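You will see chain A twice below: alongside chain B first, and alongside chain C after that.
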Partner chain A sequence: MRIEHKSWRDPLLIGATVPLALIMILFFVVPLIMTGILTFQSSRYYRLAWTWDLTIWRDVFGHSHYWVVMLRTLGMSLACVVLSVLIAYPVAYGLATRLGSLRHHVTILITFAFLTDTVLKTFGWILVLDQNGVLNWGLSHLGFEPGAVNILFTPTATLIGMVYNLAVYPIFTLYLSLARIDRDLQLAAYDAGASRFRTFFEVTLPLSRPGLYAGAALVFVLSLGAFLEPKVMGGGNAPMASELINQSFSTRVNWPLGAALTLVLIVIGSASLALSAALTLRRRGGEQGRLSDVG
Partner chain B sequence: MTDKDIRDSLPFRPLSRRSLLKGLGAGAVFSATGNMPGFSGNAQAGQSINYMCWEGYNSPSILDPFQKSNDVAISVDLITDSAGGFAKLAAGAFRDFDLVSSDCPWIARMGPAGISRFINDADFAEQYAEFYPQFRAPFAPLQFEGKATGLPTRWGWVGPTVNTKFDKLETWKSYAPVFDPAYRDKICLLDWGDWPIMPLALYAGVDPYKKLDDKELEEIRKVIRAAFKNTRAIVADLATAQKGLIDGSFRCLIGGGTYCTSSLRNTGHDYIQSIVPEPRNGMKQGIIWMEATGLIANDRDPAIASKFLKYIVSPEVAVKLAITEATCNLVPNQKAEALFTAQQKSALQMDYMWTAWDNSHFHTIAPNIDDMLAIWQQELAAR
Partner chain C sequence: MSDRSRSIFIDVLLVGSVALFLAFLYVPIVTLVVFSFTGSRMLTLPIESWSTEWFGALLARPDFFPALKNSTLVATISMIFATVLGTAGAIAWVRFKFRFQQTFRLLTFAPLLFPQLLLGVVMLLWFSVLGQWLGFSTGLATIVIGHIVYVTPFALVIVAVQVYGYDETLEDAARDAGASGWDVFREVTLPLLWPGIFSALTFSFLLSWGNFYVSYSLGGTMRTLPTFVYSGIAVGSSPIYPALATLNFVPALILVIVADVVRRRAACRNVLPEPT
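Presenting the complex of A and B:
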């Protein structure tokens, strides 16, 4: 395949990118700038006051509880990423390599679960995890004490809800990566005497990394903004950033504060993604260096 | 904030870049919510009303007869919190609406803020005459400098909501069980803005409706922290709270009251009751909430909106407004009382309403509300 290199001065290229660039400017850059402008105003008795000062930023940096919630959100998001990937990988691997003709049926089932309304699924968990819910009912019939599992309205319940709602993303990204792996490479590894374990870690896992990273990034970004799960299943225990932002906007009607916290969350999310991308590239560079040394 | 400050911050100014931006912002909000006023499903109607209201006011059984008899199309924009509704109107959306039904303190603020019109009580004399004496003109909570900002439409009280299958009502004659270790992980606080804060402040001996000093705010912080310690969940969803109350996983809901009780009672759960605790150290512990409906101040013709205002407080419509699918609430129209069935009266705890009234503060916007909400937010973050 011949790759055609085009100059950024090419009118056709400019013409092709202008609509997308305009959309991005109008619906992403402009709102972001407006959000930034809002943070330099203040709220006076439920009304926006155009004060142009640093009051809100002093408030944000002067109160530790905002940062406690932000760090908690970061921690919960990372935990959600790890659990989602751990669940998604075997599912995607099974779909890609083991299920044969059943693969399409299972994919359709997962898609249906994915398309079911998140609000419905999250509230459904209350009926499962409640003290008088399905889980405890089942356990009581197995001889456990009534109400043996008491995790509803805890951070654990929040995490369960987040993983349940988000694990489907890495399932699909990993499935796409795993399905594209050339089976001959794995067979060659077996022929060379590698065990299944070693073949997986030296052939399958490295080749499925694009799907792994894409899925992890998706789960991370969506976890940072998780609102429903902490609100419905967390019961106010260990609230997360989106709840804090929602409270600032709607309950306190302090739009400048809500805007500042939104920007803080965006910066934390972007910085985390940039850091993980840098570490990944560095690691990949090291691996390529080792391979060229071997060559 | 003085009334002059409020008037100074009125949104009526010559068109400026700022007001244009505010208008655009409000337009964006409408577009995002899919409720662009002026675009009604009934495109054939001769007139239109854009109505911002709480749930219940939008019931087809209320709106449809008025639309048909007056050849008018009503577009509804539901609000989920009164402060947010006020902020939206203040940001410029007032230009597009005709009517607003919200919590009484916010309607009261809309008059002096230039968002809603002052009404002439004499024009509504017939309606006032049908009200209970407590709500007749001049109705103080909706008055500003001798002028009314709207008419009262629904009301109830805030107090412990109890399942009497599990607890005796006597236990909740005080908010003490909220802090009792015996009730640990059995209390549900409703995450409804300032509503759960006010009763806790009253229990702490602080009147939250007065200007508070640092010491009093610290007392409120302590009482919120103590309540959080004993609380199983802080829930914003009414259905979750009601489910927990019925199955006993919540022994009491704090911050709700009749708003989360009556619909359960109306569907047969008459063992659920909301009461008002007895005065503590001379301080009343209950809170009366009230919703009101006002006419929005803009250059649109208020005649049809004014007609709707009279319509929604009329006895027959008041009954429909009182008994909705989601919630059941009291109404100020005394003549409506005769139209309720015995079951509906029982659901609304009508035999108890004046006892609750006598032992309650009337809910207004607390001067230190933002301080209290900030404290709530800080203590919540530490949970």
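Presenting the complex of A and C:
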């Protein structure tokens, strides 16, 4: 791979970067700054008033209701991360090492399921989990009593929906990490007398850490904004932060409040991404250090 | 357990988990397709009679065609912008070295790390304030802008993978043979990157087509197919939504398979003429 050094006077570089950068600045960075600014305003008679004070922030931190919903969101997101990673690891490992030529077809099937309409898939889950739905019908044929599984419109259903929509991300990041592991390292561990489990925990798992951290952080951040799953599959009984944000726009028409709640989630999300990046980098630094000690 | 039977056990466990995950992914999808052919109003098993009447009922809905038209328009425009911007960005990501490259990378990758609803809300706030100053309201144009911001990073990553495995000596050869800069781009660079670009086109179209969150936040009174379904199932379920799912999934699956065949054919072509 040859890399060309470019100066900013090069028209090719300007053409390749400036339009995209402008769009991202104008419609992503500036809106973020605007969101920050709006949290210092307030809402009067359903209109935005430029007051420049801390009313909204006092409101957000002063009401226990917001705290309850935020903590619930964090709890659901953490549960979603744990489940997604536990599911994704064996799937990505199987995909990277055991499937041979089938791997390709499986990847396409996963990609297709990932790309299609989320609303329709969520609606599909309603039909599956309903008391008279597909799952209970199947179970009743296996000898369970009718209506054995009754989880629709509970947080369990919300969690199933979140894992369903997000588990694909760690599968891809873990797959990229696992497929790059040099098979010789594992063989060397076997030669040295390590058991399969020891090899996994001391060679494979540490080498797949970047994919693990990246996938976990991605699921966590994206699950903070889950809206469809709690609303449609959870039945709106246990609202998450996204529902509060949605309400502050649609029913209360309070933009500053919506902006403040959004900003809280963005800060939590960014902090967890930074943590995951720091963990990955520190590990890598540590391993390089150890290698150079040996050399 | 002997070493051999243990290794078979692990094989079965890993392959089994892939199979189980595929089943998990396709349970709601297959369910929808099956229910789209039901003859009854109720969406419960067992299905006693089969019919295709719900496809007709879907097409007869007065708000279906406007939503279909909006979705097509939005997805087509977003696809073109996302792929062009993503391809240019991917070349800058991988092949160039320049000042502020890290900033550029962060800037163009960040929307991928954002929950879509928050991305939509943040842009909604901006468009609302801007709309108050300039006197416009949200609609199709703001949906398109939102989709471009959301989809471009995906397109960029897909094309970047293609740029990464790209043999630039072919460009040199064309240049030595006297081709101009534009000719080299059109005759060498573009055909070599085409499989990645085609994947990016497919991906962008489908991501935009199936996008709910950004359209929901930025649509105002305009509806695309996902928001049409959302507002419909909020009121009550009906077999027309499974029918829409079937109409949606079949072309999408074909598109994904075609994109993959194009990519693999090109991969074979690029490998064969190995210089010896």
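Everything that follows uses one rule, which is that the second predicted complex is superposed on the first by the 242 of 295 C-alpha atoms of A that agree within 3 Å, B and C clash if a C-alpha of one lies under 4 Å from a C-alpha of the other, contacts with A are read in each partner's own complex, and residues count from 1 in each chain.
In this text, a contact is a pair of C-beta atoms (placed from the backbone, for glycine too) under 8 Å apart; a residue touches a chain by one contact, two chains touch by 3 or more.
From a predicted model like this one, the values you see are computed outputs, not experimental measurements.
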{"item": "Chain B versus chain C as contact partner of A:Leu174, first or second or both or neither", "value": "neither"}
{"item": "Dominant contact partner of chain A by residue count, chain C or chain B", "value": "C"}
{"item": "First (chain B), second (chain C), both or neither touched by A:Tyr66", "value": "first"}
{"item": "First (chain B), second (chain C), both or neither touched by A:Phe153", "value": "first"}
{"item": "Touched partner set for A:Ile266, first chain B, second chain C, both or neither", "value": "second"}
{"item": "Chain B versus chain C as contact partner of A:Asp130, first or second or both or neither", "value": "both"}
{"item": "Partner chain in contact with A:Arg196 - chain B first, chain C second, else both or neither", "value": "second"}
{"item": "Touched partner set for A:Leu244, first chain B, second chain C, both or neither", "value": "first"}
{"item": "Which superposed partner A:Leu109 touches (first chain B, second chain C, both, neither)", "value": "second"}
{"item": "Contacts of A:Gly258 with chain B and chain C, given as first, second, both or neither", "value": "second"}
{"item": "Doubly contacted chain A residues - partners chain C and chain B", "value": "48, 123, 126, 130, 132, 232, 249, 255"}
{"item": "Touching residues (chain side chain A, partner chain B) in the complex", "value": "43-50, 63, 65-66, 68-69, 123, 126, 130-132, 152-153, 231-232, 235-239, 244, 247-255"}
{"item": "Chain B residues within the chain A interface of the complex", "value": "1, 9, 18, 80-81, 83-84, 86-87, 90-91, 189, 191, 193, 231-237, 240, 243-244, 247-249, 370, 373-374, 377-378, 380-383"}
{"item": "In the complex with chain C, residue positions of chain A that touch it", "value": "1-8, 13, 15-17, 19-21, 23-25, 27-32, 34-35, 38, 48, 87, 90-91, 93-95, 97-99, 104, 106, 108-113, 115-128, 130, 132-134, 137, 164, 167, 171, 196, 218, 221-228, 232, 242, 245-246, 249, 255, 258-259, 262, 265-266, 269, 273"}
{"item": "Complex contact set, residues of chain C against chain A", "value": "6-7, 10-11, 13-15, 17-18, 21-22, 24-29, 31-32, 35, 43-46, 85-86, 88-89, 91-92, 94-99, 104, 107-108, 110-111, 113-119, 121-126, 128-129, 132, 145-146, 148-149, 152, 164, 168, 203, 206-207, 209-210, 212-213, 225-227, 229-230, 233, 237, 241-242, 244-245, 248-249, 252-253, 256-257, 260, 264"}
